[in-house]
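I have placed the structure first, in the form of structure tokens, so that the comments after it can refer back to it.
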Amino acid sequence: MTAATPAATLEFRRATKRYSGQSRPAVEELSLTVPAGEICVLVGPSGCGKTTAMRMVNRMTDITEGDIRLDGASVRERSPAELRREIGYVIQQIGLFPHLTIGENVATVPRLLGWDKDRIRGRVDQLLALVSLDPADIRDRYPAQLSGGQRQRVGVARALAADPPLMLMDEPFGAIDPINRERLQNEFLRLQAEIRKTVVFVTHDIDEAIKMGDKIAIMKEGGKLAQYAPPAELLMHPGDPFVEDFVGADRALKRLALQRVRDIDLWTAPLVRTGEPVAEVRAKLEEADVQIPLLVDAEGRPVGWLSERGLAGERVREELRSRPDPRIEMDDVLRDALADLIQAETRYAPVVDARGRAAGILSIEVIGHALNVPQEEVPAS
Amino acid sequence: MILELAQVQIHGRSGGGSCVQNDGFCPDWITSNLDRYVDPFLQQVFLVVVSVAVGFLIAGALALLAHRRRWLVGPIIGVTGVLYTIPSLAAFFLLQPITGRGKLTATIALVGYTLLIIFRNVTTGLRGVPEEAKDAGRGLGFTDNQLLWRVEVPLALPEIMAGLRIASTTTVGLATLAFFAGAGGLGERFVGSQIVFKSNVVVAGGLCVLLAIALDLVILGAQRVLTPWTRARSA
Amino acid sequence: MQTTLAFLGQFGGAIDFIFHQRESYAGGVQIGGSEMLDLAWQQIKLSAVALGIAIAVAVPIGLWLGHVRRFSFFAISVSNIGRAVPTLALLAFFAAYLGLGFTNVAFALTLLAIPPILTNTYVGVYQVDRDTVDAARGMGMRGIDVVRRVELPLALPTIAGGVRTSAVNVIATATIAPLAGATSLGFPILNAQIYGPEGQIGAAMVVAVLAVAADVLLGLFQRAVTPRGVKLEAGDRQGRPLAGFRKRGVQTA
């Protein structure tokens, strides 16, 4: 990738938004700093001013009092259009331009900035690949031809096009169905690990906030900041009754969102292939945590749980007792993995890596064990 | 009442035999007299194209003006509405003391008629642009002008073109009357006794209808070319 | 200065013509003054007959088509085709094939008036909220009741818009009716040798006023038949009322 723009620091300095005719401000004296390269989630109930606060950063909503500084420079001193070209902007309804192809949509800001055609073309393809879309396939299509999930990815790609130092995202996955939302969240986090942008992310969903945020700013009605802290601290030391209430009574379970499957010790199950000598399989069974062999294909991808009949002869035969579902990914957060296990009404499931190869077994006991790990050892993100 | 009949005198026509004498539909007469229709037809085409083009420019400008100043919409609709309602024949003569007779008068009256239609369609088209596309556009860094020309107008094109189609087909009809303003056109083929001559009426009327359809198709074709995204089917 | 006075002079002469009878240019006959009323009345009669029959024909058909939600291509195309036919050509066609006179012109005008009313009635009924119709059926209304009590009242503003459009078209075309042997205010306009320029302009002024008056009256009628709830709802995407747009009825292409 070409040299990336360094991520910017963002500082709210007693930023206030007052609408004429209303007694209470929409955002009241918001002060917080987002360190470069981190995701700050603004979360709170409806009407708490989180979206307004975000929109003040790129001056879609003007600041009444106070200031917002991007890398130390006040945003009030820049012309809005110019400022916005340096800030990525992703909204819930996505807002792709229906009359432009995907490629042209993504190229919007580079075009505004006057990049030359070749550079733009290369950048568009790079970005589409970055958000897991096939450039050759998608580039010349129109938004109407894409699914909701695909459109949202294009929205993110478009925001990243000019490599801005800051990204603003307003409930970007809110309009997507829950399954795809989870995938998009994971993908975005993977992306963020690579590109490390400073992100302001607005959501009303505390679970999403905990999953996505490096720092979380909980806002209450009237645009006031209730608490600004990393997720672990928020869960373990809520600042006041409002925060405690908003985070929810299931704080302990929520901690599961802070860990990923790859972070914990998984159980082992014997991985067998068709045609393997049964004697070897029995040997593996001795040492394994799970007493049922998992049949895998030549690449190591799970095919199914082997039944006893499969071990009847000299060599392993493909006789399955059940399918290897749900397939858990290494990158899944524990909370989602637990939900999948419960949903599938199974005690354990195979974990696969990025290439789909079996890497271990996740069970409810394993998760339970992770919950018992002392507080201090819970990773920060 | 005698006056009206005096206006329309049925008198015999020269040549052509009994078909023509009886004001019938005579293919022979038509083929040998087609050249009579060429000039009026061309005059009419010219009038229509100029009037719609000028109307489009004026109404388009008004719509852009009213786009950011909503309060202008009411008054503009009021004025263009009156221009639309006044029958064109009357308009030709109301203009006569000011612009006399001829192509200018006819064009002004015809332009006046198109204003309401085009203004309404441009404005509706602009209003129909999805709000999220505008929000995203502004957020990405478009200035107001850039947003207008690169996002709002293209997305309003289908509605705008629809307005142009309506305006041009109706203007063809009205331009038929331009003859009475002294501006030529196929209207001359409908006066006096010619109005009962079937062959004549079919040709002149047919040419008008063909012109209207042709213009409609041309604009429709242009719309297809200019708005490829409207044809993209969902995945 | 000279041109301004002359200009006023022509309009002044026209206004004078409207109010004072005088002898025609061709001699012998009295023109102007009360004759304007007579001609205007003739035009109104002609227009009213055509409009009345058109409503009687087009509204039931439009209601039925809209209610069963069928043949939309026909219902919309009839207006597109209607627009492509120049009114003068239509009049001429009927004059050539049916002859001259009031009846035949009225017939032509009726045909002219039908498309906007038909299309607007169809669209007006079609656009009635499906949930409302469902609820009505759920309450036990038969088809005919649904039309009468739910669809027709809710479609009335759009229908009125279509009638308004037709009325304007009909009055305009009735102006040229003298070419096909029927009396109307177009007669002075088309006979400069009898009426002179004041007569032409005077008649033109009366026609203009007549047309605008009809439009305004029908506009008031349209507003009167719009249920208050619908008026509040009929905003644009941003929730602001569409200043005067809905009133003219459907633009189809």
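For clarity, chains are labelled A, B and C in written order, and residue numbers in each chain start from 1.
Heads up, the rule we're going with is that a contact is a pair of C-beta atoms (placed from the backbone, for glycine too) under 8 Å apart; a residue touches a chain by one contact, two chains touch by 3 or more.
Bear in mind the structure is a predicted one, so any value in this text is a computation, not a measurement.
Colleague: Chain with the smallest distance from its CA centroid to the overall CA centroid?
Modeller: Taking the mean of all protein C-alpha atoms as reference, the closest chain is B.
Colleague: Let me spell it out: compute each chain's centre from its C-alpha atoms, then which one is farthest from subunit B's centre?
Modeller: Using the mean of the C-alpha atoms as each chain's centre, the farthest one from subunit B is A.
Colleague: Quick check: how many Å separate the C-alpha centres of subunit A and subunit B?
Modeller: Comparing mean C-alpha positions, subunit B is 56 Å from subunit A.
Colleague: Distance between subunit A and subunit C based on Cα centroids, please, to the nearest Å.
Modeller: 61
Colleague: From the C-alpha centre of subunit B to that of subunit C, how far is it in Å?
Modeller: 18
Colleague: List the residues on subunit C that touch subunit B in their complex, please.
Modeller: 6-7, 10-11, 29, 80, 83-93, 95-97, 99-100, 168, 171-173, 175-176, 178-183, 186-187, 189-191, 194, 197, 200-201, 203-205, 207-208, 211-212, 215, 236-238, 240, 243-245, 248, 251-253
Colleague: Would you tell me which residues of subunit A are touching subunit B in their complex?
Modeller: 58, 60, 81-87, 89, 91, 93-101, 108-109, 112, 141-142, 144-147, 150, 155, 158-159, 168
Colleague: Going by the contact rule set out above, which residues of subunit B touch subunit C in the complex?
Modeller: Residues 1, 3-5, 7-8, 23, 70, 73-74, 77-78, 81-82, 84-94, 96-98, 116-117, 120-121, 123-124, 127-128, 131, 162-163, 165-166, 169-170, 172-177, 180, 187, 190-191, 195-198, 200-202, 204-205, 208-209, 212-213, 216.
Colleague: Could you please specify the touching residues of subunit B with respect to subunit A in the complex?
Modeller: 130, 132-143, 146, 151, 154-155, 157, 227-229, 232-235
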